[in-house]
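Going in written order, the chains are labelled A, B, C, D, E and F, and every chain counts its residues from 1.
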Amino acid sequence: MKIQLINPNTCQGMTDKIALSAQSVCLSSSEIIARNPAHGPESIECALDETIAAAALLDVIAQGEAEGVDAHIIACFGDPAIDAARELASVPVIGIAGAAFQLASLVSHRFGVVTTMSRTLPTAEHLLHRYGYHHLCSGVRATDIAVLDLEQIQASAYQQLLQECRAAVNQDGAEAIVLGCAGMSDLATELSAALNVPVIDGVAAAVKLAESLHALKLTTSKSGNYAAPLSKSFHGRYQHWSR
Amino acid sequence: MKIQLINPNTCQGMTDKIALSAQSVCLSSSEIIARNPAHGPESIECALDETIAAAALLDVIAQGEAEGVDAHIIACFGDPAIDAARELASVPVIGIAGAAFQLASLVSHRFGVVTTMSRTLPTAEHLLHRYGYHHLCSGVRATDIAVLDLEQIQASAYQQLLQECRAAVNQDGAEAIVLGCAGMSDLATELSAALNVPVIDGVAAAVKLAESLHALKLTTSKSGNYAAPLSKSFHGRYQHWSR
Amino acid sequence: MKIQLINPNTCQGMTDKIALSAQSVCLSSSEIIARNPAHGPESIECALDETIAAAALLDVIAQGEAEGVDAHIIACFGDPAIDAARELASVPVIGIAGAAFQLASLVSHRFGVVTTMSRTLPTAEHLLHRYGYHHLCSGVRATDIAVLDLEQIQASAYQQLLQECRAAVNQDGAEAIVLGCAGMSDLATELSAALNVPVIDGVAAAVKLAESLHALKLTTSKSGNYAAPLSKSFHGRYQHWSR
Amino acid sequence: MKIQLINPNTCQGMTDKIALSAQSVCLSSSEIIARNPAHGPESIECALDETIAAAALLDVIAQGEAEGVDAHIIACFGDPAIDAARELASVPVIGIAGAAFQLASLVSHRFGVVTTMSRTLPTAEHLLHRYGYHHLCSGVRATDIAVLDLEQIQASAYQQLLQECRAAVNQDGAEAIVLGCAGMSDLATELSAALNVPVIDGVAAAVKLAESLHALKLTTSKSGNYAAPLSKSFHGRYQHWSR
Amino acid sequence: MKIQLINPNTCQGMTDKIALSAQSVCLSSSEIIARNPAHGPESIECALDETIAAAALLDVIAQGEAEGVDAHIIACFGDPAIDAARELASVPVIGIAGAAFQLASLVSHRFGVVTTMSRTLPTAEHLLHRYGYHHLCSGVRATDIAVLDLEQIQASAYQQLLQECRAAVNQDGAEAIVLGCAGMSDLATELSAALNVPVIDGVAAAVKLAESLHALKLTTSKSGNYAAPLSKSFHGRYQHWSR
Amino acid sequence: MKIQLINPNTCQGMTDKIALSAQSVCLSSSEIIARNPAHGPESIECALDETIAAAALLDVIAQGEAEGVDAHIIACFGDPAIDAARELASVPVIGIAGAAFQLASLVSHRFGVVTTMSRTLPTAEHLLHRYGYHHLCSGVRATDIAVLDLEQIQASAYQQLLQECRAAVNQDGAEAIVLGCAGMSDLATELSAALNVPVIDGVAAAVKLAESLHALKLTTSKSGNYAAPLSKSFHGRYQHWSR
């Protein structure tokens, strides 16, 4: 199957990194097509960034649909534009936050989330409520490591991340850790070895869920809220969306 | 005070209509500056429309900030981009759904919401939860009148709207009605007379709340989640957002 | 318009103080009629005080209705007797706690409440749930300053209040502060300057909401739970309520 | 033990009726002292009635305390003034709604509530939330039988009550019925025989819970929210509350 | 009446202890029949123990039914197998956790729970949610005293228990304490004297509730979820359940 | 990998059927070991059945652990004994209800559940709450088809099932259907074709999730609630559990 893996920010380094993470866990029969939008912010760390990136990434969804991919993954922990993407797509669309919460809940009673900037905490809280995992989460912790600093993480930033993970386990009672940024996807194995609890990377989780849905021939329901968008005119820089 | 009233879709007729509604209720000392984005969909009726319109309306927020307006109103019942707008703004940003829920709760024990397309029901439900008014709402009803058909409403569409309002009162126990679309703002008085319960138009409600905050010198807190966005590069059609 | 501003306790000094607060923010076309009941406790600091004051203040509602006021404000942070008052009134009845929560939520993502006695914490918690603002509140803090000591606040008590506000901001993450007692209404400006976040006084908030509803011709729905009370006999000291 | 059974309205016939109900189920060692306040409404059917009755019944609590009773029961389904009564009392104070919910939950998975006037539905809903039984309730149904008509119930009113109980069982899935008015306390046995499910009368339930607490030497905690009221002056018709 | 008091673990010392507790509070007309299953774990401290004990204790329910007891009490704080027991029983089945929460809520605004092993905290949290008392609980604290060490408690373990109870009162704001293990039933009086707040033992609470239901002729509803189990074959060591 | 697929009832026909379903969707590298306990009920349709089956299936978990399987699936829609199984297991344990909810939420906004006996509705409701999917479920419908009648389903029973699925879609707004019994696992494809919405079988879903966790080297956290059970004596028919 072809999995379109979308990094919703414009940082090519991040796109390359998550492509590697995805390729390291996918089936041999899966092809990972990693992309980022041509437009938008270099990283997503506040509501402005996310609102712009959401509009930008929909172009990539449309491109993937045109090419006939079998699933889309939105690889930003805010799962931006997921409802609009599901309207556009004929195949499954998976967000990495939702994917990580699902697998974390299968291997722990309570999991913790460790994320980047404090500014993104409300987004994580919102997603825990939206997907129904709030009561299974022992808490969300921010490291205040900038997203772009994750591209090639320094020893000091890694220690900071490890320290917050330890606090999640020892103080909050987390039995597993969900990594709250696609940029951390290469660190899951090392952190799990250090912490001795499962550490879940949403990119890897989403790849396996995409393959699972594909194997079961399950795809986005077109009955109800995810039916195709209504036809109408769009203007200006969005006129390509006119239907 | 200067109130920037933003219609997030590109339909000029809708912008003109809500400008009239706002002007009919504002203080004589208030100036209504009604605008819509140059870009985006002609109406907002599904998640794709809303995601695009959210990114587009932020340009209008920035323009109003540059001009020194005293408040922004987002005049679409989904309150799109409200968090990003509050990050950008130094003055209050008010969404018409939240504004309508607030005033409705002051004059009733339970209020009903009557909106346009069935597709927008999840948005209304989401906002009732977000703002905390779900338990005070007797139900959300859709009329399946297209938003643009509200521009100059036909008798039959008006009857359909009236009928859903009556059902909200008689079957659901609504004691007041919140109109679920900015395009209905000119119908509140007539509907209230017919129904004999308060009917709340969010545009009018938001204007009075903007004036209230201004009189009390209350403005968006810049401590915490609505602090100014972080500086970073944006690319392509969003490079004007680079800071 | 005529706004009846009711201090539900019998302390004239408090009534005078909130009258000044209200007059300093109302429109020039608004007349503030400040009153307190002839009967009841000198301050409201526990459930006994509130239960007695609730019955007592209804006499003032009836008096205002007879005189044709355009709105009633119940100026005690417990919003006592608000349902019974809405049954009696043909015009809006606004409680200062609910009013403060509404405006606070328009200028912050999370607000804190700072109140008087620890004994009143359950009342504040109850109102946050009743009005649906619990998830938007970062916490309620008590200062254990007696209500009557607010009449002419000493420097030490002010420092105590300021300190709890600071703790709300710095420890709880409050982005705005709601003052949890009508007796603090003269301190909002000074506290906001010291804290650099919005500080909301419920008395001022309620005045602006009363004016907003009046401008929009919105008044208490008489369909459903706030319909006029049923006619029946009352005995003893309540026989004036016989209908 | 001495149990003070308080009918919070001034209808002597209702007081006599619930006294009989209580005496028919209490231990031989229990003495039922049934009383109603000298002041207030003849029945409690809306928020005005309840707010007045709440203040009035506190006099009876004080009288019982002075006489050394061992428990107080507030025999109105709204459990009015229960917090203030617990502040005043050194012994347990039990409301009949809370008592009925407790016993109903011990003999059913889901129970229904059948009450008097539609106007009292929000009170029942509020109490289900306050006490935590909302998720165990299959629904609240009103009969619109006036409270005073229960004093000597007509065959037609009984049929109406039976019919709503049947609908609760057959349509809502109620496995037991809670009677939503003290005035129905004499009908529990007959209704249970007709319906073949447990029917719980709150008066009887409260008597047994009062005896249970007494046997276990459990009484109202005076640490925290139910500590004795603070000393202060009361004026006018409430000056007897000055402490 | 005959009350079958079931200790679901196989520790005879615990059975004897709770029999004494029950006998010290029951009516003279009540007969306590204390039993434990012949099969299963010696104590219940994790989900494995509870799952096994649940199946084992149903044999004792069946025995009691055959003998015509008037009520069953499941004397383990996890209220194991309560739904299955209610299907089997024609008389009330009461769990000690639910019983303790009910009485605690009648004498306090917020109660704390102090239990044995940290491993049992999720069980207590689950029951608080199931029965609807979560919002009335100030917190659950574990002592990490092993259940069997409660049989004859050492001074040091008692001090540890007392210390956690004090922390519940002073730090969490508990106004009453619920003891989270049947094995603590002999300590309630001593702890209450030391703490000066009500201390509720679930075994005693359940006995009084069983007597209350019996006096009111209330028994498990056989309409709906607690109807008798469907007839079917059971195999192997459970073939005695074939119906 | 080796996946132990456990049918918790003793019906061999059901075990064979779900083995086929699992084999039809698993990877070629996966081996399905389908088993049922030697002890317990022939089908699970009420709380008694489930309580007995829960204890019985733990023997199969232990057997699988001893043999070194890589994952366990509990193939009954009540997910019985899942906490105890996770304590015992060193590898993941997946329940089919939780698995089905997860995949359903990835392809729909709201899903419906269609199950067997009305008696099992509370179990489904409980699991929706436990796993956090209640707000994403449009409703649970019972067909009152006996579990054993699913072994070789008659045309009439299939029509009944199809009719309830249609009602879920058309009346409740379900956008996808979760099949509420392992015995329906062979019907998903046919039903999906008839309904034109995704139909999720929990057995297939659990197999793919087990493979996903295995590929990511994620296994049950042994830190916290799913740590190995404490060592202690068990008696009688459970003495093989003594540790």
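Here, a residue touches a chain if its C-beta (ideal position, glycine included) is under 8 Å from a C-beta of that chain, and two chains touch if they have at least 3 such contacts.
Since the structure is predicted, the reported quantities are computational estimates derived from the model, not experimental observations.
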Chains touching both chain D and chain F: E
Homomeric contact chain E-chain F: same or different residue positions, threshold half: same
Inter-centroid spacing, chain E versus chain A (mean Cα positions, whole Å): 45
Centre distance in Å when chain C and chain D are each reduced to the mean of their C-alpha atoms: 30
Whole-Å separation of chain centres (CA-atom averages), chain B against chain C: 28
Per-residue overlap in chain D, given as positions that touch at least 2 other chains: 83, 109, 122, 225
Round-the-ring chain order [start: chain A; next: chain B]: A, B, C, D, E, F
Partner chain A, residues of chain F touching it in the complex: 25, 27, 83, 92, 94, 98, 102-103, 105-110, 131-136, 169, 173, 175-176, 189, 196-198, 200, 204-205, 208-209, 211-213, 215-221, 223-226
Sites on chain C touched by chain D in the complex: 10, 37-43, 45-52, 54-56, 58, 81, 83-84, 86-88, 117, 119, 122, 225, 227, 229-230, 232-238, 241
